[in-house]
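Residue numbering begins at 1 within each chain, and the chains themselves are lettered A, B, C and D in the order written.
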Amino acid sequence: MPQIGDSLPMLRFHQTPSVLCLKSVGIICEGKKIRFGEFEFASSLYFSYSRSFKPKSLDDMSNPLFDLETLKAELAGQNPRAILKAALEYFHNLAVSFSGAEDVVLVDMASRLKPGISVFCLDTGRLHPETYRFIEKVRERYDINLEVLNPAYQELESLVKEKGLFSFHGDGHTECCGIRKVGPLRRRLATLDAWITGQRRDQNPTRLELDEVGLDSAFSTPENVLYKFNPLAKWTSAQVWDYIEAYDVPYNELHRKGFVSIGCEPCTRPILPNQHERSGRWWWEDAAKKECGLHAGNLHKGK
Amino acid sequence: MPQIGDSLPMLRFHQTPSVLCLKSVGIICEGKKIRFGEFEFASSLYFSYSRSFKPKSLDDMSNPLFDLETLKAELAGQNPRAILKAALEYFHNLAVSFSGAEDVVLVDMASRLKPGISVFCLDTGRLHPETYRFIEKVRERYDINLEVLNPAYQELESLVKEKGLFSFHGDGHTECCGIRKVGPLRRRLATLDAWITGQRRDQNPTRLELDEVGLDSAFSTPENVLYKFNPLAKWTSAQVWDYIEAYDVPYNELHRKGFVSIGCEPCTRPILPNQHERSGRWWWEDAAKKECGLHAGNLHKGK
Amino acid sequence: MPQIGDSLPMLRFHQTPSVLCLKSVGIICEGKKIRFGEFEFASSLYFSYSRSFKPKSLDDMSNPLFDLETLKAELAGQNPRAILKAALEYFHNLAVSFSGAEDVVLVDMASRLKPGISVFCLDTGRLHPETYRFIEKVRERYDINLEVLNPAYQELESLVKEKGLFSFHGDGHTECCGIRKVGPLRRRLATLDAWITGQRRDQNPTRLELDEVGLDSAFSTPENVLYKFNPLAKWTSAQVWDYIEAYDVPYNELHRKGFVSIGCEPCTRPILPNQHERSGRWWWEDAAKKECGLHAGNLHKGK
Amino acid sequence: MPQIGDSLPMLRFHQTPSVLCLKSVGIICEGKKIRFGEFEFASSLYFSYSRSFKPKSLDDMSNPLFDLETLKAELAGQNPRAILKAALEYFHNLAVSFSGAEDVVLVDMASRLKPGISVFCLDTGRLHPETYRFIEKVRERYDINLEVLNPAYQELESLVKEKGLFSFHGDGHTECCGIRKVGPLRRRLATLDAWITGQRRDQNPTRLELDEVGLDSAFSTPENVLYKFNPLAKWTSAQVWDYIEAYDVPYNELHRKGFVSIGCEPCTRPILPNQHERSGRWWWEDAAKKECGLHAGNLHKGK
């Protein structure tokens, strides 16, 4: 938390037009001026100071430390690298979410921008053997700090005892994803200020309005405001695969077996030529509900 | 069959110099004249009227019995069923070529238009097990007269003795395709007036100018003029797959394993998402040469 | 713990010749008589009273409530069903351990002897997809109370963060098995008086001296004495498979793909004809160490 | 061809009681004497001189040039290498039959004894992709003259046209094997004096009385007497696999997928642990009939 009197070098300034009002930390905006302790700046400057500058709670959202709408506008239509770069500038305490599939391009880009960056993926305990091998390959190839997150056994054992190992076929995937994916994810996100995902608009009808950046309403808590960057939001599958080929990025062997979108083994299947990639996921369910809970926010946007 | 006295409009005249001798239907060729009933025409006219009207040899080609250019123009942009229908009207002695892949839509359409239609496919001896099962499935499902053609052992044994079972990797696929595909095909085509293939423009750079119908310059012989219909020429892969889904047409299981274009097992592989389907065929060779000899004519068109 | 003066119905008598010496609970054996409080019985009777009759701790082992050596002798060479029956008579609080492989014969036998019997298996999070399907099949087929046990995420995440997903290749399988198998197993065994396993002598050089029953020195704790029954100890693989065929017992699909002994996916492989089944497990390690920790006791017997 | 006057060293004598009658080359048998040119021998000697000394026809069989019974007795219980060696001594015009499976040990042994030896295998056109890769591997690894034999298209096309690609399921495998295996084999064997096969007694109930050498009654013709050596007759599967491991002999990848006995793809399947290897072949047929025609002689022996 910057204090009045902190020395200047602790702040990183950017030339942006936003007007900040940071009274709580003794930073006062007056007209076009910002006063920080005894210093005064043109209000056309603004800055990120990672976590410290984030609103402390959702109650404080009326007063974000960076202006989300402005950032959205800035990033709209930018290329993934530019979006990643912005994410890394605005937030220090952030991590890339890697699903073990084509979103590896994010890992490739991010590790070049910031060696040693935090990357996490969710090991649901039901991934394909190929996916585990792929995750390990990525871990070995890139200069990243990879965490593989697992579900809590208590919840898992209780679900399986009651409903068996394939409850999703009868009851839908939400309950199982809730334990195997959302639980561990929520645990990790609670410690972050922002995360970076590989979601794309062309993946699913539920993702048609996906923005490059947003407040993560699904995983922000009263105690922790969470932002979500989607650097690939407007890339097409073709662009992702061009990148993979051009940069010789490793890919999941399953992509050589007809799989496009890849999730858990029992809930993923190869697709036919010209089928939509999402038809390979939870194919027994309605397309409009095909979010696993990681990006559940997408489901409610349309209405 | 035109009869003496048929009114003129039943015949479609074309400006060609061929001399016809159609005595059986009362059409007499005398010198450079044709008499049809009481009418007499310059022999520079010709017409098609199914088999009887086909030129008997390539020497006669300057004078085909139906005007290819007119037919081309008529069929240009027609839907596959219309093209198939025309093929079936113009030729009785024709067969559908089925490769064991998505061109099954042709078999589906053709068997509805003409139950018991001749269909042939080439069993190179190196197809995928899945492809044999698929061919059998098609044989059982449709009312067709299916022939499965095999190569001559003499040529095969001599090639393999000299170069082994994978000579195509070093020497290109032409020699092997020549024995396993082109030989048996040539044998069969020599007995036909026309054949129907599943080629599409979007399959390959070599097929960009593919027409709905053409003289098959590769397989016509001095003794036998051969026409080739490509009813799917202007369909996209997406249209083919829409048809397969809509009509519940059986498909090769390999399409569920990442395969799009399917040929012989050692020369076919699944493709990555967004790769061109032809990258799954003879991937060690140059894209511009990827014709197996069945449609070798495509290779020389561009120049 | 039965007390002198307990009423008779609390004891279940069996006609067996063993002589019990239960001084600590006031049961005295005198020659061929047993005195229990004021009652006196012929020593040809003996009884099980499940947990109550088990020694309360390892300190008490000098005085087990049933005589292990006698039971060993009785069960030596008995068929698996007889051994299972004895296990079920002596212990109420016991469970069958099912590994997702051929030990399904135990589940088949046990569920016939005692419908609703407790069965548990260890879901390490790295099983083959086929194994999950098989476990579910077994769950649906038999009248059993199946628990699927999972590892604790804290230990797992910390191992993987440090050493990745395939640490066993470099460091041996003990550490990984410790977290994924032994941890959850220990947790479950701590609540049991006895467990039933599918171990066989012919599986591994480490199992050559396996008995039908024994004190489980690896998982007994100062607070809980644990017995272990191995009803298949002296069966051969051939007998197991005869049973599977004769009783139409479901089996893991992997057995149709060359797998014999089945464990975790990265640590299991199909074997060649005539290879020893154990060569399909942890093949990069020395045969004499191939126990996963479940039956670690086997490793020290020989010395 | 030995001529009258050839010096003795050209002949190799063996102590056998057979009486030879080699008039055509000037060798006369008189009573118990053999005169060869001006030399005269006790008829208890006999010799092999490769093809020239073979009886010219079945009519001549009463008078074989080497005494089969003696050879049988000599080879009985010999190790495969000794049997191979004898075969190579007695016959120059012989070839090893290689099926693309574990009989590769024969190729390994034979190519060491006689570099450049003739080996043939039958490409039925329905082998597994893995088998073709394996055959090629063997071709590249050993100093052999490998021929891959194919069926005649006329018979194949006619069978398939009438009955489809899986007629063996309904009609039994004999007809299909007849065309795909026996035809090409017969063609090749007609040019040989002897062949060497990998048959073993333990493979099949039909092979229980298999000898190390015999007259091939199935493929001898009035014009050509054919002998058959089975060097592995008395080896067990375990011995074969010990050899493969000890000598680092390449093996068919299918052996890593649960396949033991390997034939055509649609007629071969992996077996379960402890199943007899032959249960993986033509499993819809009676075990006592499981010969493909190559060794049909085995079927009639028992009676």
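Throughout what follows, a contact is a pair of C-beta atoms (placed from the backbone, for glycine too) under 8 Å apart; a residue touches a chain by one contact, two chains touch by 3 or more.
Everything numeric here is computed off the predicted structure, so don't read it as measured data.
Path length between subunit B and subunit D in the chain contact graph, taken as the least number of steps between touching chains: 1. Annotation: 66 Å between the Cα-based centres of subunit A and subunit D.
Centre-to-centre, using mean CA coordinates, subunit C is 51 Å away from subunit D. Taking each chain's centre as the mean of its C-alpha atoms, subunit A lies 45 Å from subunit C. Viewed as a network of touching protein chains, the structure reduces to one closed ring of chains, two contacts apiece.
Taken together, the chains touch in the following pairs: A-B, A-C, B-D, C-D. Subunit A makes touch with subunit B in their complex at residues 102, 237-238, 240-242, 244, 251, 255-260, 269-270, 272-275, 277. Contact residues on subunit C toward subunit A in their complex (touch as defined above): 123, 125-126, 128-129, 132, 135-136, 139-140, 146-153, 156-157, 160-161, 164-166, 184, 265-266.
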